[in-house]
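Structure record follows, encoded as structure tokens.
The letters A, B, C and D name the chains in turn, as written, and every chain counts its residues from 1.
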Amino acid sequence: MNSPKLIDPRLELICAARHFYQQGWMVGTSGNLSVRLPDHSFWITASGQCKGELELGDFVRIYPNGTACPEGSRRVEKPSPDVKPSAETAIHQVLYALFPEATSCYHVHSVEANLVSRFVKGDTLPLPPLEMLKGLGVWEENPDCAMSIFDNHLQVSCIVDEIKERFRTIPPQLSALLIRDHGVTIWAPSAKTARNYIELVEYIFRYMVAARGVGVWGVGEERD
Amino acid sequence: MNSPKLIDPRLELICAARHFYQQGWMVGTSGNLSVRLPDHSFWITASGQCKGELELGDFVRIYPNGTACPEGSRRVEKPSPDVKPSAETAIHQVLYALFPEATSCYHVHSVEANLVSRFVKGDTLPLPPLEMLKGLGVWEENPDCAMSIFDNHLQVSCIVDEIKERFRTIPPQLSALLIRDHGVTIWAPSAKTARNYIELVEYIFRYMVAARGVGVWGVGEERD
Amino acid sequence: MNSPKLIDPRLELICAARHFYQQGWMVGTSGNLSVRLPDHSFWITASGQCKGELELGDFVRIYPNGTACPEGSRRVEKPSPDVKPSAETAIHQVLYALFPEATSCYHVHSVEANLVSRFVKGDTLPLPPLEMLKGLGVWEENPDCAMSIFDNHLQVSCIVDEIKERFRTIPPQLSALLIRDHGVTIWAPSAKTARNYIELVEYIFRYMVAARGVGVWGVGEERD
Amino acid sequence: MNSPKLIDPRLELICAARHFYQQGWMVGTSGNLSVRLPDHSFWITASGQCKGELELGDFVRIYPNGTACPEGSRRVEKPSPDVKPSAETAIHQVLYALFPEATSCYHVHSVEANLVSRFVKGDTLPLPPLEMLKGLGVWEENPDCAMSIFDNHLQVSCIVDEIKERFRTIPPQLSALLIRDHGVTIWAPSAKTARNYIELVEYIFRYMVAARGVGVWGVGEERD
């Protein structure tokens, strides 16, 4: 997971996607990963590809709106006309705009992320006070932490607008958000940290689903 | 998962079967996969072979009834007299007849497919409104979708008759059907899509089993 | 999974053990596998070895009681004095004596086998009417099938005596038995079939645990 | 899993960590493993590294307090100034001090270890009477066994003090302890045994979580 600057950053996305696919978090072509470059453009996975077998040609490069592109008017770099960027590219764009320190943005579809998104009716999911939260930057004893949930509108632009509005008002506690019935998205300052964040939020979701199944920890339950 | 026409199509079935076996969906020699060729014959996995270690000789080629066979009266092509086609070959035949655009038909036996087939007494299983349904062709917000269930008669011909009768009357919403206590079958226009469909329906079944376990989403429950 | 007679039969046990270890069914050195040879001796895994990394030296050859041994008085062939046969060798011996057609006997320790052994207080576990029972030789529609359970005595000889007594009186429906809080044992006419049997019984146990978790099928429940 | 003295003992930690990572027990850089050398120093995993891809440079060597160090005043050997020993090094130190026969100390973070740590409010977790306890040294019929639980203080030194105080008073039944909401730690006389112990305690935790989910065995329940 070293990322010297000379290595094509798509290689890290290929490895991460294969790992997530093998975990069952990117099956059936689902999910999308991106990495931001120093010129503020980013590579994002193309739509409709098996995430366990990505190749360099399965990415699209998106240039920022309003920024001079390296080669004239080009705003998007595609290996072929058939390759389309992920339908959720606009979510990556808004997260990079909101969090300038982020260089990676990963979105995956685990069963558990879908389940926990239904544990509450509202737009905030309380998290259990696990040691693993330290990996997400929460260094407290018995921490009281929550993750934002957004509704899964058919129009991605509606999801984007709600993210922008809510996060500009109330910055999120964690570098992660849930879309209900859909999946989790994280953003991070490096590809290595992004992979860790995905592993950590999925770990917490697995815990929450199992804990609810055995009646150990539930939303609204008292903590000792 | 490229499928240039010159590659033996059995190779894709071998890879898909190994992957499904590793997921626990084709254990104990269970399940059967087929691919249809331009001449309307199809290759199907032989009966009784470990699906994690198939070889080219573990397939039987079935020629359509009433069609002139390439070599005179031959209706079936077998690598050796000991190799028998899957006992459920007739289910593949009826699905290829009903859905002419299908070129692949995959049938697997997950624990979860068996469980969800018991969630209802009737012949239709309502599905949760997950984002993943988009991969099965359902592009709606909060979709109201269902999968057909058939009873697991000892005589495969009885299952075939019920599929033919029901699907001629009411075309299925999805390219998938369940046989109760038995497994799921999908059909698709390419091997790549067939693999995605299996991954997607199994994902939805895993969600349904877990959701019922934790009381999140159940048959007959109101959707918000 | 071919087993030509010239290949050392321990190689098949090494492969099967690694596979079962990777499934979580032989962790912490648990379980034991054996294969019977034409001279009625059998190779069995040694005690205390990691089952994911067995080598040819990790087996002991046991010669039948009362049979002339190939090399005079030798009853046991060990690669070194430190290698001890499995503590449960006597269970393999009694099964080979009871079922002369068996050439392989596999015993593994899944979590699910332990759980289902507690689903009933008595000595018989009813099984759900799954299609997968066909792989264990049950070709009925909606079959009514059960597996024998034995108590886990500290003295293996007590378990052996109970197996002998019960199976001589009432032959088992399936080539499998459970030891409560301990694990499942199967016997089969070939190594290939033995591996399938383990996969099938473990599949059925996984189904039973999940079905009970979601209230789908339970012991004593009516079947429709 | 042979450990001849000439092989660098960090190699065994690298293999064990990769295996545990693949099981989901060391995700997101969590957990820490150590091995003690004949001079009573020990190698421990560095903080913040992915446990699935450790290299020889990802370890720190800790020399015992008050002992003459091989190279003058050096107390810690680090491959580079950036590499920091695990934040929980002091827990390894106290366990090596309490149990002089231990040469390996492994700490992992499974979901199940976190769940079972919440099955009781007090500081002792009763374990189910499984055969697998034999691998942890409990050779009894229907054994009555328990594991110590400690609270997860933010200050590691508080956890260390409680371990020291409790274990000096009441020696533990098993070579294992739980930290609530955090994970399990085991100590063992060899790397091979340490790996087996982790597999065995995690097996028991998986059983306990599933058993509670299906109502088979619970804390406080009568044993038959």
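The rule we apply is simple: contacts are C-beta pairs under 8 Å (C-beta built on N, C-alpha and C of every residue); 3 or more make two chains touch, one makes a residue touch a chain.
Not measured: the values here are computed from a predicted model.
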item: Distance from the mean Cα position of chain D to that of chain B, given in whole angstrom; value: 45
item: Where chain B and chain C are represented by their mean Cα positions, the distance between them in whole Å; value: 32
item: Shared interface positions of chain A, touching two or more other chains; value: 213
item: Arrangement of touching chains [line / ring / star / complete / other]; value: ring
item: Contact pairs between chains, per stated definition; value: A-B, A-D, B-C, C-D
item: Footprint of chain A on chain B - complex, ascending; value: 1, 128-132, 135, 139-141, 192, 195-197, 199-200, 202-203, 206-207, 210-211, 213-217, 224
item: Footprint of chain C on chain B - complex, ascending; value: 24, 27-30, 50, 53, 109, 111-112, 114-115, 118-119, 121, 152-154, 179, 181-183, 209, 212-213
